[in-house]
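Labels run A, B, C, D, E and F following the written order; every chain starts at residue 1.
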Amino acid sequence: MTNTPGRKPPPSGKPVSASQSELTDMILPNDANPLGNALGGAIMHLVDLAAAIAAHRHSGLPVVTASMDHMDFLCPIHVGDIVVLKSSVNRVFRSSMEVGVKVFREESVTNRRQHCSSAYLTFVSIDSSGRPQICPPVVPDTREEKRRYREAGTRRQQRIQHVNKRSVK
Amino acid sequence: MTNTPGRKPPPSGKPVSASQSELTDMILPNDANPLGNALGGAIMHLVDLAAAIAAHRHSGLPVVTASMDHMDFLCPIHVGDIVVLKSSVNRVFRSSMEVGVKVFREESVTNRRQHCSSAYLTFVSIDSSGRPQICPPVVPDTREEKRRYREAGTRRQQRIQHVNKRSVK
Amino acid sequence: MTNTPGRKPPPSGKPVSASQSELTDMILPNDANPLGNALGGAIMHLVDLAAAIAAHRHSGLPVVTASMDHMDFLCPIHVGDIVVLKSSVNRVFRSSMEVGVKVFREESVTNRRQHCSSAYLTFVSIDSSGRPQICPPVVPDTREEKRRYREAGTRRQQRIQHVNKRSVK
Amino acid sequence: MTNTPGRKPPPSGKPVSASQSELTDMILPNDANPLGNALGGAIMHLVDLAAAIAAHRHSGLPVVTASMDHMDFLCPIHVGDIVVLKSSVNRVFRSSMEVGVKVFREESVTNRRQHCSSAYLTFVSIDSSGRPQICPPVVPDTREEKRRYREAGTRRQQRIQHVNKRSVK
Amino acid sequence: MTNTPGRKPPPSGKPVSASQSELTDMILPNDANPLGNALGGAIMHLVDLAAAIAAHRHSGLPVVTASMDHMDFLCPIHVGDIVVLKSSVNRVFRSSMEVGVKVFREESVTNRRQHCSSAYLTFVSIDSSGRPQICPPVVPDTREEKRRYREAGTRRQQRIQHVNKRSVK
Amino acid sequence: MTNTPGRKPPPSGKPVSASQSELTDMILPNDANPLGNALGGAIMHLVDLAAAIAAHRHSGLPVVTASMDHMDFLCPIHVGDIVVLKSSVNRVFRSSMEVGVKVFREESVTNRRQHCSSAYLTFVSIDSSGRPQICPPVVPDTREEKRRYREAGTRRQQRIQHVNKRSVK
């Protein structure tokens, strides 16, 4: 079972909606420095959790984090803020999945959401002894989902080149 | 500013969608007993958080829990399970809000959601010195939202009677 | 083995004192909102823990929360406050137990306790595969314990009616 | 204001009962190593909390830990065990208090308590800028309380000698 | 005060040793999934903490996370494992610092360390109202430190290009 | 296998460097009282963790805390402070190890370390069913390590006398 680009996904494929997840949380004092700024690590922890939930929903299997791409923290988040994380599986590469996560901070009076971070994580689905397991492919439906599917392929190429470059050195 | 039943809500009213919240989480070992059953208190903690987020979104103010109605735990939840909590403000009574929360447990392979608990909580919106603050009324839109709005009024009467009965004793 | 009111409890019954528990804790920053008010969910978590300890002491078995009755938060609790929770099993209904919990907040200078909440929870004792197990009955001794035993029967009737009413709908 | 032994305590003295505290808790997975043995540090954390509550109840002031005497762990404690900590202030030395704490582990079926640890901690009561504040003396009442009061004096001498010996070196 | 490459750092520069940090921790059950694999997010949380400590040591100021570069999880980490994180500031760009972090897992019998992850994070030093503050430059000393200093400049160029590419779209 | 003083340690002995550990952490709000002073119990928890890591590194086996000697808190530690704990095994007595831990608080601007606490803990190495296991002896190398080795023997005598005195009573 392969799912290289251009090949029609097998019937067992799942739509993106099967993995779409929304995680809402409130920043507590232990997630912040003494000035009240959320620790980057606390946000990354939530990002990984939101991505793990999407990967688990898609694969129906235990999952482990294999990598996280570059992530920027575009706006400060404070103690007491509501944060919303939206995640979904963009594409499957045999036993690994690229998951996209967006982090929003919510302004209290206006309910307006401010985009704080985007992240792409790779998860691998495993069995109970830790061996990688093949996942059903993603079947992108909307224009947006198809763009993400396509770009996930490009990002995967870059990750492979990046690893090769380092191992050549 | 009052919002007794039958009276048209003032223009500053907010739709139910303004407070609708979805909170997804994974049950960790510390949320469970040694057999792996989620502690009731860990679920209640999430229920209160989901409700507080909805109440905060509706009011745009700090909120505190005033009460929680009877809550049943209809199905066991285990370590590693994904739980989803959906919450929204059903109705406002001056500075207090009734928030409804539904708790679902998600089956991993089928992604089917099992309904585990329903809860109605009352929150009060306050200013920074703890004094109650008037909230914008809820403007129910769908048939379902209107039923919840109406029933929230009945539940409030029951809560008031319940308090009176106890104080007469 | 039944333990309907009016029937003499079997010799294996246990006194209320066997389950009486006292749990004292200090409210930490993560249990509170940014204004320093204890989260309702943090208090509920402690209430469930205090009740679980009493239920476990009475039954000598693992226990799980089946329900919590309506609970009011009568006074604000703050970061740094000492809270005291008193719990005991009021009555047994085969494999389920009604546990009463009272929450007090302690004033620091006077040591005076302020009553903040009362809650009635139902726990079920289970074996290691989750099957309900019959518990020894409670043998109420003092006038107060007998009143609680009697009222627990009334509350149980109300809970059953409440469930029936919902399932008829 | 001094409270040397033999001198009648000033009227503002408080009985031992004013500080007697009971803290009950359940050991959760994060408090234990992978074999399920409670971490010594998790128990020490509870011991310090139980002592701080007693010291705070006695003094009505914020308190900080100044020292803990030698402490043995006499019996293994496991995940899921109920632990009970009993604490009270034995004696006051101006702004410092000796607090005694006993740790028990509870056997689930028999409810029998096993004595696991005893500890003596010294706390100092402070004002909001951290300066030591004089505490009311302890007025021991029972034979047992008087013995502890007397022995607290001996232990204090040993602590002072211990510090002197080190600083001479 | 600027510290562009090629320019001799001002005398107030600090050596790399001033920020070198070592953080050792044990993986607890709540940091892992039910199979006992450490959550990626728990490791990222530690990575951010190790980096924040190095950045704080270098700058002597509060710091906030601005970004984290791509990070791979090269080996599984389990509950009970000892992890060691080594971090130091590679280079300063006015108010931002690149911090390098290496994560090791320690084999228990042999004490051999296995390299699990490398990460580059950017931190910004701020004053108490959140405004960026200029940091002292890093003065690399060893051959290895000079290589990291040089490569940090290259990575910064890539980050800037990456941001520009996205904003052009 | 015995390792009484004066006897040459068997070849399987390990140098002190095999167990030397450094643990760095940042004090978070939940580790402190409302005035921002780190709780003594939070520091003890870190001390036990630092000691457990050293004992585990030396023995390559699971370890449990058997005792902690008198510990003073010599300087206040605050929320946001960086604390550094250094630990190593001083000497082995069959299946038990004396571990020394030093706690430092780091001044942010100067990076100067202030010595806050010293502690001696005894750990026992066990197998998976909790039975004590013989550990390899410590081979002290430097003058300082030899002094600690010698003094650990004296402290052990005092601990044994202390236990005997109590059991005679």
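The criterion applied here is as follows: a contact is a pair of C-beta atoms (placed from the backbone, for glycine too) under 8 Å apart; a residue touches a chain by one contact, two chains touch by 3 or more.
Bear in mind that the values here come from a model prediction, so they are computed numbers and not experimental data.
Trainee: Listed by label, which chains are in contact with chain C and with chain F?
Mentor: The common neighbours are A, D.
Trainee: Just give me the whole-number Å value for how far the CA centre of chain A lies from that of chain F.
Mentor: 41
Trainee: When the centre of a chain is set as the mean of its C-alpha atoms, what distance in Å lies between chain C and chain D?
Mentor: Result: the chain centres lie 29 Å from each other.
Trainee: Need the CA-centroid distance for the pair chain A / chain E, whole Å please.
Mentor: Centres of chain A and chain E (C-alpha means) sit 22 Å apart.
Trainee: Show the residues in chain E shared as contacts by 2 or more other chains, in ascending order.
Mentor: Residues 29-30, 33-34, 49, 52 of chain E touch two or more partner chains.
Trainee: For this structure, give each pair of chains that are touching.
Mentor: Touch list across chains, by label: A-B, A-C, A-E, A-F, B-C, B-D, B-E, C-D, C-F, D-E, D-F, E-F.
Trainee: What part of chain F is in contact with chain C in the complex they form?
Mentor: Within the complex, chain F touches chain C at residues 29-30, 32-34.
Trainee: Which chain C residues qualify as touching chain F in the complex?
Mentor: Checking each residue of chain C against chain F gives 28-30, 79-80.
Trainee: Considering the complex alone, what residue numbers of chain E touch chain F?
Mentor: So the residues of chain E in touch with chain F come to 18, 21-26, 49-50, 52-53, 56-57, 60-61, 82, 106, 108-111.
Trainee: If we count contacts the way the header does, which residues on chain B are in touch with chain C in the complex?
Mentor: Contact set of chain B toward chain C: 33-35, 37, 39-42, 44-49, 52, 62, 64-73, 76, 121, 126, 128, 130, 159, 162-163.
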